[in-house]
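Naming follows writing order (A, B and C), and every chain is counted from residue 1.
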């Protein structure tokens, strides 16, 4: 069942065609991979899907609803969380404060109550436990290492219990041990029903974890299918080798 | 690793914050000092310094609620200070309020009007990015200054307006202003504290660190910023009202004065931008110094130089401000203590082993 | 007829503002700082030229030989000691620093010269140029020519010299510029020097066409800021168009309505434009950071 889909998305940046009539569907409950050579438009697609950019044409649907023109906070409230290539956390706030930010509250008066209510705190600690950062909860987030910040980002999106998590190059700059840990967390979360869409260049990671892989090339969808099919497809190899990408195994 | 197990056996990690006892103690002492100040120093010249200090305390704390917590440095908040002043002067004469206690009733009115004005103003200025925002707030202030000069029918133009002074005896004249000011200042600090520990306050701090990221996590940044903007305007309106009543006259160049915004920012930065009490500390110290300068040297231009130089120094040497510097010192003190304990634990068994 | 005169005068005076705004916006484009002190620096330049003309009987244009290098050096010193050390939150911290510098300069000038209004005089200043039925003070025309000349020099330097290439590279992408060996610090230092050197010249122009004192800096800086916002931060062409546009409107309103509303019109237009286009007339829409 398609949870999140894009249809005919086009995006131009004054001369550079980032996305070209891109149509893709991401399956519910699966770990979807999104790969493609540099410049194929993966991050731009993420930006369009999460409301950071508006496409010149095309549609983004989530559970059938049109979210093309939604703003980032609306997209998040609908249940789609995302990480960024260069981790974006709140450096001057402590880790535990960071994790509380995404906790949603409704109503004006609720905003004025203390920032850490018991149920929010419980969920926050749960998330931190899940990624293994509990010991650092009172440290300023800016003092965490790069890998730890990635985990923090993961944790604070979890708190809002999103239905979909878009991860933009989660393996980038992360050591193998941490990567295995992260992979394990993704799989576990997936078992609870969270859908994932992961943009990655690390092929071993992608092929190892994804149920379904979509390939992008020059702004549009090239192919979608099971990892084994994709890795051996000649068109995919051509796309990568043709643009000097040599990470294909 | 053996050291690892030692740490893990430690019951709780040390707290890096200044202990509550010390904090409350300092606060209580400070409050007591402020309450007793004009009674002990009952020389009217000195208690005048106190009144201005209270006015600035209220203004800076209010300013900090917006600029300190969201990181949007508003250099045009003099607009609301001026609105408070002019509203007071105009209403006092229009409603024919007799000078004296009744004039104090204008305080909530000024607060309301300043807050009301802040809504459309906020909607306009908060649409732009941070650097344009700063510049825009400055431009806004000049607009209001020009209005004050030009709408002579209402504002008296460059002649200004008068607020009649109550016929109180010189020796106790300052006291009501001081205590009302202190009361308002306490309310301002209290509000700042409550906001800081609320979810709303956390949202503001998140906006300061990374506004787009905050948005992507569901925070309605536009409403949060606007609310903080309006709240801070309210306190500046109150300050303006007090100022107009105390000084007795209202002029365009002093109501809408860029130097005022500079003073607000210095006080907040010096004390600690974004902290709860930092700005208050800065206000007390700097406005005290300012008044002292006025009395001793008399000229306005001397302080321009002093302010300018002082601000440059603060920005270069202590951009965080006094309060964070204090908490940093405390933190390193705690860390050093911890390190000493750890070191002695390491040496203990090792020495015992070496002596075997 | 009066309106036509107002329009042309607006253009002539606009030249001065265009030059100053160009310097301001260039500085912002290269090093991300808003040189808030430029108003005070222009007044400083005006006072320096004033003193030189009074004490040494120099022609105002000749005084520039001394004031310009002096202030260019001042600009570079300000960069090295006050701007370069700023590591975090550059835009805000530099703006506040420059605000403080402006206040400092204003205080010093106020003490040195008192608050009386002065104006730079030269024998030919009050002569007028007649074209048909219109009268233009000679000094306005000379100033405009000087501004236009300097703006073309600026254009030449920016687009035809090696330094200019380094300048544009630093504006577009400081990291990439550094990667190809451009010393962005040096480029920034020189740019600020140029900006403030231009302020010396602007000061002379301002001082001859207006009566001024230390607090005139506020008028100047607030107008320049409006112009730069309208033109879009970083856009020199935008600053040019905005400057001429605003000054013409101000002068026309002053003539048609009243001088006092002329100044107000300046700011009102800013508000109106920003309501419709928050990025100014030529600025780029703030792209959300990735």
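Here is the rule we use: a residue touches a chain if its C-beta (ideal position, glycine included) is under 8 Å from a C-beta of that chain, and two chains touch if they have at least 3 such contacts.
Here the structure is a predicted model, which is why all the values come from computation and not from measurement.
> Give the label of the chain whose average Cα location is farthest from that of chain B.
Checked the centroid distances; the maximum from chain B is A.
> Among the chain pairs here, which one is joined by the most contacts?
Chains joined by the most C-beta contact pairs: B-C.
> Report the inter-centroid distance (CA atoms only) between chain A and chain B in whole Å.
The answer is 40 Å.
> Measuring from the mean C-alpha position of chain A to the mean C-alpha position of chain C, what distance in angstrom results?
47
> If you average the Cα atoms of chain B and of chain C to get two centres, how far apart are those centres in Å?
33
> Send over the residues of chain A in touch with two or more other chains.
As it turns out, chain A has residues touching two or more other chains at 52, 72, 84.
> Which residues belonging to chain B are in contact with no fewer than two other chains?
Residues 212 of chain B each touch two or more of the other chains.
> Touching at least two other chains at once: which residues of chain C meet that condition?
288
> Which residues of chain A touch chain B in the complex?
It is residues 50, 52, 71-73, 75-77, 81-82, 84, 88-93, 97, 100-105, 110-115, 138, 156-157, 160 of chain A that touch chain B.
> State the interface residues of chain B toward chain A in the complex, per the touch definition above.
13, 16, 194-195, 197-203, 205-206, 208-210, 212-221
> Once bound in the complex, which stretches of chain B touch chain C?
71, 73, 75, 124, 127-132, 134-136, 138-140, 142-143, 146-147, 149-150, 212, 258-259, 262, 265, 269, 299-309, 311-312, 315-316, 319
> Which part of chain C faces chain B closely enough to touch in the complex?
Touching chain B from chain C are residues 28, 34, 82, 85-86, 88-89, 91-93, 95-97, 99-108, 110-111, 214, 218, 222, 225-226, 228-229, 233, 260-261, 263-264, 267-268, 270-271, 274-275, 278-280, 286, 288-289.
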